[in-house]
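Multiple structures are listed underneath, in structure tokens.
Below are two complexes that have chain A in common, paired first with chain B and then with chain C.
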Partner chain A sequence: MTFVRLDRAEEEASDGSVAPPDRPRGRLRRRPLGGPRWVGWAFVLPGLIGLAVFIVIPQVASLILGFSDSTLLGGTQFTGTHNYIRLLHDPQFLNSILVTAIFVLVYVPANIAISMAMAMWLKTRIAGRNWLRVIFLIPALSPMVANAAVFRLLFQKDGAVNQALATIGLGPIPWLSDGNWALAVVIGVSLWQSFGYNMIVLGAGLDSISPDVIAASRIDGAGRFRRLVSITLPLVSPALFFTTVLTVIGAWQTFAQAYVITGGGPGNSTMTIMLYLYQTAFTNNQLGYASAIATVLFLIIAIFTLFQLWGQRKWVHYD
Partner chain B sequence: MTNHQLPASGSHWRRRGRTVGFAANTTVAWLFALLFSFPLIWTFFTALKPANEVFGAQISFIGSKVLWSNFVDAWTEVGFGRLLLNSLVVAAISTVLTLVVATLTAFAFARLRFPGRSAVFLLFVITLTLPSEVAVVPLFLGFDQAGLADTWFALIIPGLFGAFGAFLLRQFMLQIPGELEEAARLDGASTWRLLISVIVPLVRPALSVLAIFAFLGSWNSFLWPLIILNSSDKWTIPIGIAGFTTQTGTQWELLMAACVMTIAPVVIVVAFAQRQLVAAIGAGAFGGR
Partner chain C sequence: MKSRLKNTRRRGRVVVSVVVAGVLSLGLAACSGGGGGTSGLDGKTLKMYTWIGGKADTQQWNDYIAGGMHADPKMSVSFSGPPIGDYYTKLPSVMKSSSAPCLVTFQNGRVNQYVQGLEPLDDLAKKNKLDLKAYSSVMLEQLSVDGKLYSIPFNAGPTVMLYNKKMFKDAGVADPTNDWTTDDFIATAKATTKNGVYGFAIGQASNPISTLMAADGYPWADKNGPKLDDPHFRDALQLLVDLSNKYKVAKPLEAAAGGTFPDIDAFSTGQAAMEMTGLWDLQHEQKALGKDNVGIAVIPSKSGVSKGFVGGSGFGITKTCGDKQKAFEAIEAMTSKSGLEFVTKSQASVPARLDALDAWSANAGSPEFAAVIRQLMGDATPSPVPSNQAQLDTLLTQYEVNAFSGKSTVAEVLQQVKAGLA
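After this line comes the complex of A and B, so read on.
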């Protein structure tokens, strides 16, 4: 397990343990063997420029554009905080925050719980365990658009799910024409698609726990539940933290599922922030206003991430 | 957590109990996997049905006829052939370029000392937590102003610079013993030569895993292609599928045939490279995509 500790990146970077292994400091090292010291820059430059131009600068530009009335036709004017005041009074935007927040609050805990439970289950004695892992991983590595199209078919009014419910005398449920059910379907496809990935990460975390520790806790008389809470969870906490942080970041940016299955409907009930941002920018051609939405989303994600970085000292155990 | 069993007592009954438990556990797990796979199984069978039998009063996997011709129709009528070709070309170019950029960056971080290395590395780490999709508007605007909107260049370039690939390769390069590097240097190898002839061959397993992830990343990518591509002759598969589903009167059997042909390559790749993929994901190298 080699997690980059996000809050210790600087220490790690300046720490000798990740630097090139110390070379012998004899006469041979008087002139560096690798040529002049700037050679390293030549190798890092393509990646660094790309990172700056296509990842860092757009983030900064998005902040700036948020204060403008930019459209595709040009003629950008800076309008101060006008966009942000408008956002405060935009019921569609406020609704999209609510929808996405509900998505995050249901999807993230469910995802982590299912991933963890599945990872632990796949540690038990099961024939063909490796193939099970592959089966659960496949949707996570398949295009979300294709997965979403499949779920859109399954949850049609007379689709397979309602057909199956009918055989046991239930339904039909208006999956995609009722707002609450539609959001449930979007959350469902997201869980189905992505828990396999976190399951693998957490499984690797479980693998790194020494069997001796488990054996010792058994000898000390710890029961199943006690072992889970006092031994397994603390030891797997770095992996749990890592998956939670990245799952939260991804969940706030949910887009494709809602776009394909419901298009945000019915009645904006599945209109996520990213979907509203997309429509504002590329359907309504309000690039400046969309950038203000992006800034708010960025801040939400930043707050959630920083909060987790701050909170990790309470429950994440390294070493 | 029953894999850390105490040593078997040798009791006949206990062993028998364990065998029953093992069989029950295996059965339940595979039944669950079957249920989990139901959407994909259903997709496959729907792709073979006549159009008017996709929906029915009762659930049934096989229609009155098995129409393999749906796959041909999806290929021609929906234009899946063109989408597939586009996706393959775009993914191949993206993969090669991602490998080149990540290799150079990882090499600098893992094996070279240069002033400012810690600061640059920190920048790379921070970008891991940046919500990249949030910044699509200025990215689009930039390419549009440069007259590059609706080009494969604009489609491919922004995806090449994620820090994950560099981190994965760096991790592997750090494990190469310094003696190998010393020997090559003493034989007069230049830094470039060292990378090509010593480092790259030694990290080939990591390169192939990164290649798979880069390929799948491009294959699955949706938001950016949706924004930057306008003309349908440049579309990739996800754009075609999404456009198809939003039309009225969806031809579900053809759409599902297209989905089968989209997901099948992923299934094949994952099945063949499962060990390496599981190891790489477990190493936390790629984060939650």
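After this line comes the complex of A and C, so read on.
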């Protein structure tokens, strides 16, 4: 809801600057724009209901199920902290954390770097740059499962990628038979799929930089690197922060790529936390244990996000 | 003035609270659903949840429903569902949802994991005087858990070896006989491997292993689950690895999602000369390669006396079904002699009723097919289905790749799978 201090608005208009706000002198001094209070609630209500039904209630239910031995078709018995203790000794789960952490560490910096580089390239005066933006965004708009299924065929031992490599005397590379290569494929396909979205957001951030600021830095003698480090990156930092937070969250939740391309294999080399959670719930029929995994994943993502929110004070510039 | 304002606000809060509570309770009521008298029915039509991977599956279910209606014109069944690769993972959620169907289907006797949501059928069979002796006893055993029957089979058949007759002819190889040995099979696969085409296509997970073990007369599982420590289990997986790595007659398995069929894809596209599969795949292969181009043989064994690994599919009734009698009558119609005989006119899968086999031989089979099926069905190795088969198949699919790539030995792979099952 937007509030306007009418008394201060006049001062702002007269000299072009905003005086420091006074303490509010009572509730009636801050008047919402138009209508009685329930109108605001009426606007917010659909969103609140959606939040409650689709986010809050399932999360609370998942948290509670994490303390039970619930199965998909059977009954539920509360088992206290048993599931969480089991998680600490579950090599499959610990491996899935390691695999996902490697994915996050490689995928997030690579995604941001590629998105930023592409956004900067498309900001230059190249012909058809708007068309190029659309083309690079297409992977992000197409369904991940369909993309991943195609990539699985491309990366098979006798697939198109190895055939192309053979024409220049390379390969064959065991893309889907070797754990390290399989993880590289999953990361590569994820990058291909998602960099377009970040590229658009960062491109919008770059477009919002005033050309006067760039011109002034040129007059001051700043070179390309200096302009990038001291002008462009600080001014685009809010967009960078936004994309980084969302990319980190998405990376911890990676599922479809590993599920469709490798099924978590070879061995458990591409078994992400989400895939392990899915297998635990729907293949192994252990809903309670899977809910405990979901809670731990939620905590991991929450900690990373809070850390980023805390850290933004040091590098994000909103002015 | 102040008190009027307060009253208005309080009233407003009450209205908002009532609206929120009402909407939430409506939502929760919708979530809890089910249990009603019409659950699992759409009007008078019974809803069936099953696997549908494409036109062939759709045609199959249409044919079974048409067969049912042939036996009982009042029967009405509709169907929906995902491809087989997703079917068993989605099934528990669907069975527990507010839109749970009345009828569900099971392949290879995989009822064990789902019995908590299924209605035992023994009493209904008694009440409706259904003669269970008319059905394949092996299938009835597979579809029972702790002595209770949860599904009535509609097809049953042994896993067989399909081969591409043209490729055999081009390679100058004679058609396999029903007493061929594993050595004969390897020699045949070697002869048909050429020009980038393999002699054999290896399937994922437990089915190829259990089939090879059964051919030699060894059951792959018992009441304690899959026999991962059994040396015959290890030998069967080792043979599959050797076919790829030692004899170079098959493409090695690579990482892939569960429920995919690289062997079927390779055989039907002419990339492999042989595959081990159920008879449910026969019609698909005949369409892809030509009806007279697909041959059938028994699974090779060490001794030359091959025993069958029998699997099949059945219909079950969910516990939440609003009209279980009507659902049972539909199953009775779809698996009746006249119903299954009707299906043999368009489907090649072998009917689960022994009294419909003659019609199958006349309509879908041939003397060559009938001889293979008689041998494998007549002397079948027990084929129990462990409750953790879905988990086992997922783990085997993941870890066996390491044996094909040489990263692990077969023994190590089986230990890794065993650890995953623990």
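Everything below uses one rule, namely that the second predicted complex is superposed on the first by the 277 of 319 C-alpha atoms of A that agree within 3 Å, B and C clash if a C-alpha of one lies under 4 Å from a C-alpha of the other, contacts with A are read in each partner's own complex, and residues count from 1 in each chain.
Definition applied: a residue touches a chain if its C-beta (ideal position, glycine included) is under 8 Å from a C-beta of that chain, and two chains touch if they have at least 3 such contacts.
What you are looking at is a predicted structure, and each value in this text was computed from that prediction instead of being measured.
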Superposition on chain A - do chain B and chain C clash or fit: clash
Touched partner set for A:Ser194, first chain B, second chain C, both or neither: first
Touched partner set for A:Leu48, first chain B, second chain C, both or neither: both
Contacts of A:Ala127 with chain B and chain C, given as first, second, both or neither: first
Which superposed partner A:Ser210 touches (first chain B, second chain C, both, neither): neither
Which of chain B and chain C A:Gln163 touches, first, second, both or neither: first
Touching partner for A:Val260 - first (chain B), second (chain C), both, neither: both
Partner chain in contact with A:Asn268 - chain B first, chain C second, else both or neither: second
Chain A residues touched by each partner, larger count belonging to chain B or chain C: B
Overlapping segment of chain C (options 257-265, 275-283 or 383-391) - the one that collides with chain B in the superposed model: 257-265
Shared chain A contacts, counted only where both chain B and chain C touch the same residue: 37-38, 41, 48, 72, 152, 156, 158, 259-260, 263, 278, 282
For the chain A and chain C complex, residues of the former touching the latter: 36-38, 41, 45, 48-49, 52-53, 71-74, 91-92, 152, 156-158, 174, 176-179, 182, 259-268, 270-271, 278-279, 282-285
Contact set on chain C toward chain A in their complex: 8-9, 12, 15-16, 19-20, 23-24, 27, 88-90, 92-93, 95-96, 113-114, 116-117, 196, 251-252, 254-258, 388, 390-391, 394, 397-399, 401-402, 404-405, 407-408, 416, 419-420
Interfacial residue positions of chain A with respect to chain B in the complex: 1-4, 6, 9-10, 13-14, 18-24, 28, 32-35, 37-41, 43-44, 46-48, 50-51, 54-59, 61-62, 65, 70, 72, 120-128, 130, 132-147, 149-154, 156, 158-160, 163-164, 166-167, 192, 194, 197-198, 200-201, 203-204, 207, 211, 214-215, 218, 224, 227-228, 232, 239, 242-243, 245-247, 249-250, 252-253, 255-256, 259-260, 263, 274, 277-278, 281-282, 287, 290-291, 294, 297-298, 301, 305
Residues of chain B defined as touching chain A within the complex: 1-4, 6, 21-22, 25-26, 29-30, 33, 36-37, 39-40, 42-43, 46, 54-59, 100-102, 104-105, 107-142, 144, 157-158, 160-163, 166-167, 171, 174, 177-178, 181-182, 185-186, 190-191, 195, 216, 219-220, 222-223, 226-227, 237-238, 241-242, 244-246, 252, 255-256, 258-259, 262-263, 266-267, 269-271, 274-275, 277-279, 281-285, 287-289
